[in-house]
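Next up: the structures, one after another.
The same chain A turns up in both complexes below, where it pairs with chain B and then with chain C.
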Partner chain A sequence: MDERPLTSPTSFVDHIVVPGDVVLNLSSMANHTIKLGGGLRQDCDAISVMKAGKLRFSKPNKYWVESSQKRYVPCVEDTILGIVVDSKADNFLVDIKGPALAFLPVLAFEGGTRRNIPKFETGTLLYVRVVKANDGVNPELTCTDASGKAAEFGPLKEGYMFESSTGLSRMLLSSPTCPVLEALGKKLSFEIAVGLNGRVWVWADLSSVGRFSVNAASPSTVILVGNAIMSSESLSGVQQRIMVEKLLQRIQ
Partner chain B sequence: MEQRLANTWRMSVNEKKFIETALLADLRVDGRRPFDYRRLTIKFGRQVLEDGSSEVQLGQTHVMGFVTSQLVQPYRDRPNEGSLSIYTEFSPMADPSFEAGRPGEFAVELGRIIDRGLRESRAVDTESLCVLAGKLVWSIRVDLHILDNGGNLVDAANVAALASLLTFRRPECTLGGENGQEVIVHPPEVKEPLPLIIHHLPVAVTFAFFGDGNIVVIDPTQNEEAVMGGRMTATLNTNGDVCAVQKAGGEGVIMQCLRIASVKATDIRSKINSAVEAHNMEKALRKIKRH
Partner chain C sequence: MEYVSPEGLRLDGRRPMEMRQIRGELGAVAKADGSAVFEMGNTKVIAAVYGPREVQNRSQQLNDQALVRCEYSMANFSTGDRMRKPKGDRRSTEISLVIRQTMEACILTHLMPRSQIDIFVQVLQADGGTRSACINAATLALADAGIPMRDLVTSCSAGYLNSNPLLDLNYVEDSAGGPDVTVGILAKLDRVTLLQMDAKLPMDIFENVMQLAIEGCKAIANYIREVRTFQLVLPVVEDHLGTIREYQATGVSPGHIVFLSLPFLKGIPSQLTLPNSAAQVPFW
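Showing the complex of A and B:
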């Protein structure tokens, strides 16, 4: 573990921590600048944990606690799946599984002007990016990437959306590709959109059904993918592959 | 207003459409077939809540049943009958749409369905709960706590009620004193507590109807409940008698449902019985060890 910061002998990095754990002692690491993320707080020289999860460290100096929960805490630059709840003159109100509804300005689309405001009915599923997440104010979303292009953002049509924990969606997005998606992708073709807020959207076209499931209609592929993902949360990589194998055998 | 919006549980259009289209092909989103029941697990209290408490899990749904008894004065018109009452508690932890304190419309309906199945079918013998005619009877109270809502609360709550009633033991009491009219309640250490007399087990089985009523599924999940056009709960007892039927909207083939329900009810009943037996066995074994 070369990630282990040299200054702290008992490193908690990549280990489970609980509230109250003191993970770093600043007095022993003078001349260091560190950046603290979610779940950590500083009391004088001690850096202690505020929520249960795994302590993460990213070079050169960032520390944060990663946990898996049902509620999403908005964070800038996260890509998430939101559901339109209401539309106002300036904003769409979007549910992002967070403590407050998020605002999606009606102009936050590629080439958005007052003339071409999109119409979304209540319940539309959107793939969006968080641009503002400050305390006390509703988070703000956008449907463009940093350069103002639509990229992949926008409404998701058809398909099926299911809820997961934030930990599971982070696992699905991790690189290298997580085993469950890799194993599924070898045999089936499907589209997937994973929101960091614990929502996953899956879509499989009838025409895109893979070689191994010629007779299967698209809903069966979607259901299979969805269930495989949902049951993979607590499994190891090898277990995930076995589970997918078993599921695929059943539909053949 | 915004707080209220944030608290309601909502579903995307995609989910609703997909559930409907998948059902047309006889597929359900959790991989079950239309007439498959979810996994049912029954657990009993071990430590403090020794008797009369049960925890039932039906897939995601999680219900706790808890039975207590009290000596009360009987009703005027039924001087020698005890009473059985059902109370439901919907925690906002189970579903954000449940409000704390005030029971919602569905909480009342759920209580009524279970009440009708258990009480009006006379499953629990109330006359044996009489201690002193016209003066003192046992009042049995069943509390049903919804801990997690994953759909089909009625069936889960019904199983929880039955399981906790089956394991409940009330303290034995005798008449004594100078005039033989004084009631003595014996603590469990002195005299073995008595079980309730339960004549039959009414088991509720819920169906959901979709479309024009030609698509029927058993044991709907929370997502399916949000999409369904109607619902029917049939409560059947050991002899296959229909104790209660609650049908809320929608069209469906009732006779066919009842036939399927009677098969499923038998399955569920045997599960309850084996769980209760295992619990009683464990209790008996623990007693031996103690001495």
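Showing the complex of A and C:
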């Protein structure tokens, strides 16, 4: 069982915390600057937890709570997958699984002018970057990187998209490469786009099953990759590798 | 009728200060952003939380905070005789309002202006204390959804029959006509957010009964903490046991953890021991 000594504040680090836990008492730490990340708030002299999750600490003075949810909280510079819901005169309305619909300006593309506005139907999947994210105001997105180039942003054609939690997305994007992606990548070739809002897009063509590069989809590979990723959220590294091995044995 | 026998046992064999067995489970509703099932003895309640999301009715939008909506309903099959009108009657509307006010006090609504949080609570089996079980389930569901909260809200009821304060009344004791005090508190901050009573009590006895209910609430808060602790302890237990189980490639739904707890005896904190069967509980 998890024993939690309640004396020193550092004992909460790397432990599960629930809303209401007081993790730091500022009255005992004078002349320190502490940076609080997500999930923590200051209540006079006590730092208490707002969201359930694992408390993390990075030197010299950053504390935050790592949690995994289905809803996404928009943050500037996050790369996410959005679905077009509507198009207005100057913006596309994009659903990003957050508290409000996001706006994607029609000119926010590489070489975008009033003459070549892209036409996105309702339901188009886009890989975008968050530019503005404030409380109570609809977030703003863009399909270019910081220097104005398209990079890989824009609509994702074909393939298969599934939704999971934000924690899984962060794990897939962590470096060094997440064990499940590494294990899958050794045997299969596929393309994957991970949005920090919990959406993952997978695509594989027939070259992954040993034929030459044909421009036709390989549904079995796509489903295998999708299932492997979805099942890997609560597994440790070793367990993920074993799971992928068992899955690959079934198709060979 | 005798609700407390001369030996000091109640109708279901509990001691006057003993709570019913509680059990909580997260992630029961796959589609909801957060959900939980909470059982107190035979009372079983399921809560689902959606949000924060766009306000559906523009006229109700609040510019500086989130709109919290709550709906309480009882399943037709939850009571002894099949109910004909599960929603919309006076009691359900009142309890919906009570739960909404209790949860609104602990959600940090100013962090999510112009959005909406929906809490749906449904009673699957009713055996007294449904109000409390609903609040506990809603707290777990909100924590599962990652909605910023000040603290965990827990709730418990207590009554006074045959000159004994009784903790956690069931349906038979509740319908005895005696007083029934329901208390909801913010566990760590030690603040009362809900206090309701039926019937009448002299002031000094009321203080005792309310204190008893508050102790019950704190016990529930301790066990809710164990639910979240369990969620990440289980893989570690796996490694210690050296067992690695086979995983099937199915379209898997989010993992959920079950915990079991022992009845709370006043003054004697009960140790939560890890039963052997817990190691085999699959975590999805």
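As a convention for this text, the second predicted complex is superposed on the first by the 229 of 252 C-alpha atoms of A that agree within 3 Å, B and C clash if a C-alpha of one lies under 4 Å from a C-alpha of the other, contacts with A are read in each partner's own complex, and residues count from 1 in each chain.
The working rule: contacts are C-beta pairs under 8 Å (C-beta built on N, C-alpha and C of every residue); 3 or more make two chains touch, one makes a residue touch a chain.
All values derive from a computational prediction rather than experimental measurement.
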Checklist entry - Touching A:159, do we find chain B (first), chain C (second), both, or neither? => result first
Next on the checklist: Just checking: does A:136 make contact with chain B only, chain C only, both, or neither of them? Give me first, second, both or neither.
Outcome noted: second
Next on the checklist: I'd like to know which partner A:85 touches here: chain B for first, chain C for second, both or neither.
Outcome noted: first
Checklist entry - So, does A:219 touch the first partner chain B, the second partner chain C, both, or neither? => result first
Next on the checklist: Between chain B and chain C, whom does A:93 touch in the aligned arrangement: first, second, both, or neither?
Outcome noted: first
Checklist entry - In this superposed model, does chain C or chain B come into contact with more residues of chain A? => result C
Next on the checklist: I'd like to know which partner A:235 touches here: chain B for first, chain C for second, both or neither.
Outcome noted: second
Item to check | Touched partner set for A:201, first chain B, second chain C, both or neither | outcome: first
Item to check | Touched partner set for A:227, first chain B, second chain C, both or neither | outcome: both
Checklist entry - First (chain B), second (chain C), both or neither: which does A:76 touch? => result neither
Checklist entry - Residue overlap on chain A between the chain B contact set and the chain C contact set? => result 99-101, 224, 227
Checklist entry - What part of chain A is in contact with chain B in the complex they form? => result 83, 85-86, 93, 95, 99-101, 121, 123-125, 156-162, 201, 217, 219-220, 222-224, 226-227
Checklist entry - Where on chain A is chain C touching in the complex? => result 1-2, 16, 18-22, 39, 41, 48, 50-54, 67-71, 99-101, 135-136, 165, 224, 227-228, 230-231, 233-236, 238-239, 242-243, 246-247, 250
Checklist entry - Which residues of chain B touch chain A in the complex? => result 2, 5-6, 10-18, 21-22, 25, 27-31
Checklist entry - chain A touches which residues of chain C in the complex? => result 33-34, 51-54, 63-64, 106, 108, 111-115, 143-152, 186-189, 224-225, 228-229, 231-233, 235, 239, 244, 246-247, 249-252, 254-255, 272-274, 283-284
